[in-house]
Amino acid sequence: MPYVNIQITREGATAAQKAELIGGVTALLQRVLGKNPATTVVVIDEVDTDNWGIGGLPVLDYRAQQASGGPAR
Amino acid sequence: MPYVNIQITREGATAAQKAELIGGVTALLQRVLGKNPATTVVVIDEVDTDNWGIGGLPVLDYRAQQASGGPAR
Amino acid sequence: MPYVNIQITREGATAAQKAELIGGVTALLQRVLGKNPATTVVVIDEVDTDNWGIGGLPVLDYRAQQASGGPAR
Amino acid sequence: MPYVNIQITREGATAAQKAELIGGVTALLQRVLGKNPATTVVVIDEVDTDNWGIGGLPVLDYRAQQASGGPAR
Amino acid sequence: MPYVNIQITREGATAAQKAELIGGVTALLQRVLGKNPATTVVVIDEVDTDNWGIGGLPVLDYRAQQASGGPAR
Amino acid sequence: MPYVNIQITREGATAAQKAELIGGVTALLQRVLGKNPATTVVVIDEVDTDNWGIGGLPVLDYRAQQASGGPAR
């Protein structure tokens, strides 16, 4: 009866893609650990890009910096 | 000073119902463990049904399958 | 099919107390929102006091400060 | 490669303020623990005030009670 | 740069099994959403069985009840 | 009354370092958003390295691969 929380930026994942994530991670837990799919809960959080930070920056600023060859890796 | 996170599908819980959850879980922690209500934090997350999986399916698909006597339990 | 996460400091909650929390919060969700107990998941995290902060201090320092009439409320 | 989740009430935090939180907490982890900013992830959750409880009440009710000198501290 | 949290009961998952979960969920996010594995973070929480509730009971009690044909589903 | 969860690998952070994280993030939220330190909760999770994945690998394998100039970035 696992619980899985998947956090991604909100950038247009479709219902079909989210269904594929739910099915895929549930199957993975069944295959690797024998967990019962019937009681596996998966919750997907889609997070606004302003609210997601990486490299000390909001993610869109981070990507722009990466694309321009800026100092951050 | 507990922290409680309640995750439910977003299906029309009213402000009054959410207030009742907040009051109820705070009282429970006071009664069972003597926790101070003044510093008990409760956060309710309402999750879109597309983003909630159970039984390897998005929850609305899961419920439809259950209702039709499908293979998953 | 809610998911509830309860975070408390690790200070000797017994198995019976934790069972009471699990039963109580599950019943609350059934009573207020009609949620099915069979698919309500509750996870309790017990956190070492060194790892719990309130008022800008580890919780044991915070309590000592409160007890001595220190500046923090 | 830490992960930090900051939960606040949704009350008008600006993109600039959220960027400052992301930069500040990433710098803190680098300074205190030597964590690499490039792999430090920060996720900010802004929670509707109806969904945030403190002192056994939704936060706006709690603040109103505090302002009126009510019984809760 | 997703973040995934997998919560399971602490019942002897091996390091190899946990590595398989980490690799599997990272590959799933790459395949379905094109997410970069290099910045996909996976955190596995193993939770003591006393601290995991389902059906209003600690999980070991729940399983015993199921095995004995008790009232809960 | 924010809640902050900091997740790091369990690799010997001292109580003093953890206190510095608690104080630092609480001060940051006060400075940027005017949040009251008295009701700011910080919870630090230290995660076993077997249970932390990055780049599709447990973190120690990932670091070894990086150090040897392996294919992953």
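Labels A, B, C, D, E and F are assigned to the chains in the order they are written; within every chain, residues are numbered from 1.
Note that contacts are C-beta pairs under 8 Å (C-beta built on N, C-alpha and C of every residue); 3 or more make two chains touch, one makes a residue touch a chain.
Every value quoted in this text rests on a predicted model; they were computed, and no experiment measured them.
*Asks:* Common contacts of chain A and chain F?
*Replies:* B, C, D, E
*Asks:* Common contacts of chain C and chain F?
*Replies:* Both-contact set = B, E.
*Asks:* Among the chains, which one keeps its Cα centre farthest from the Cα centre of chain D?
*Replies:* Here the answer is chain E, farthest from chain D.
*Asks:* Which one of the chains is farthest from chain A, going by Cα centres?
*Replies:* Max centre-to-centre separation from chain A belongs to C.
*Asks:* Roughly how many whole angstrom separate the Cα centroids of chain C and chain D?
*Replies:* 19
*Asks:* Chain B to chain F: how many Å between their CA centres?
*Replies:* Roughly 27 Å separates the two chain centres.
*Asks:* Taking each residue of chain E in turn, which ones touch at least two of the other chains?
*Replies:* Those would be 1, 3, 7, 21, 25, 39, 41, 43, 45, 52, 54.
*Asks:* What topology does the chain touch graph have (line, ring, star, complete, other)?
*Replies:* other
*Asks:* Return all touching chain pairs.
*Replies:* A-B, A-C, A-D, A-E, B-C, B-D, B-F, C-E, C-F, D-E, D-F, E-F
*Asks:* Which residues of chain B touch chain A once you look at their complex with the stated criterion?
*Replies:* Contacts found on chain B: 7, 47, 50-58, 61, 72-73.
*Asks:* In the complex formed with chain B, which residues of chain C make contact?
*Replies:* 1-9, 13, 17, 20-21, 24-25, 28-29, 32-33, 35, 39, 52, 54, 59
*Asks:* Quick one: which bits of chain A touch chain C in the complex? Just the residue numbers, please.
*Replies:* Going by the criterion above, the answer is residues 1, 3, 39, 41, 43.
*Asks:* Could you please specify the touching residues of chain A with respect to chain B in the complex?
*Replies:* 15, 18-19, 21-23, 25-27, 37-46
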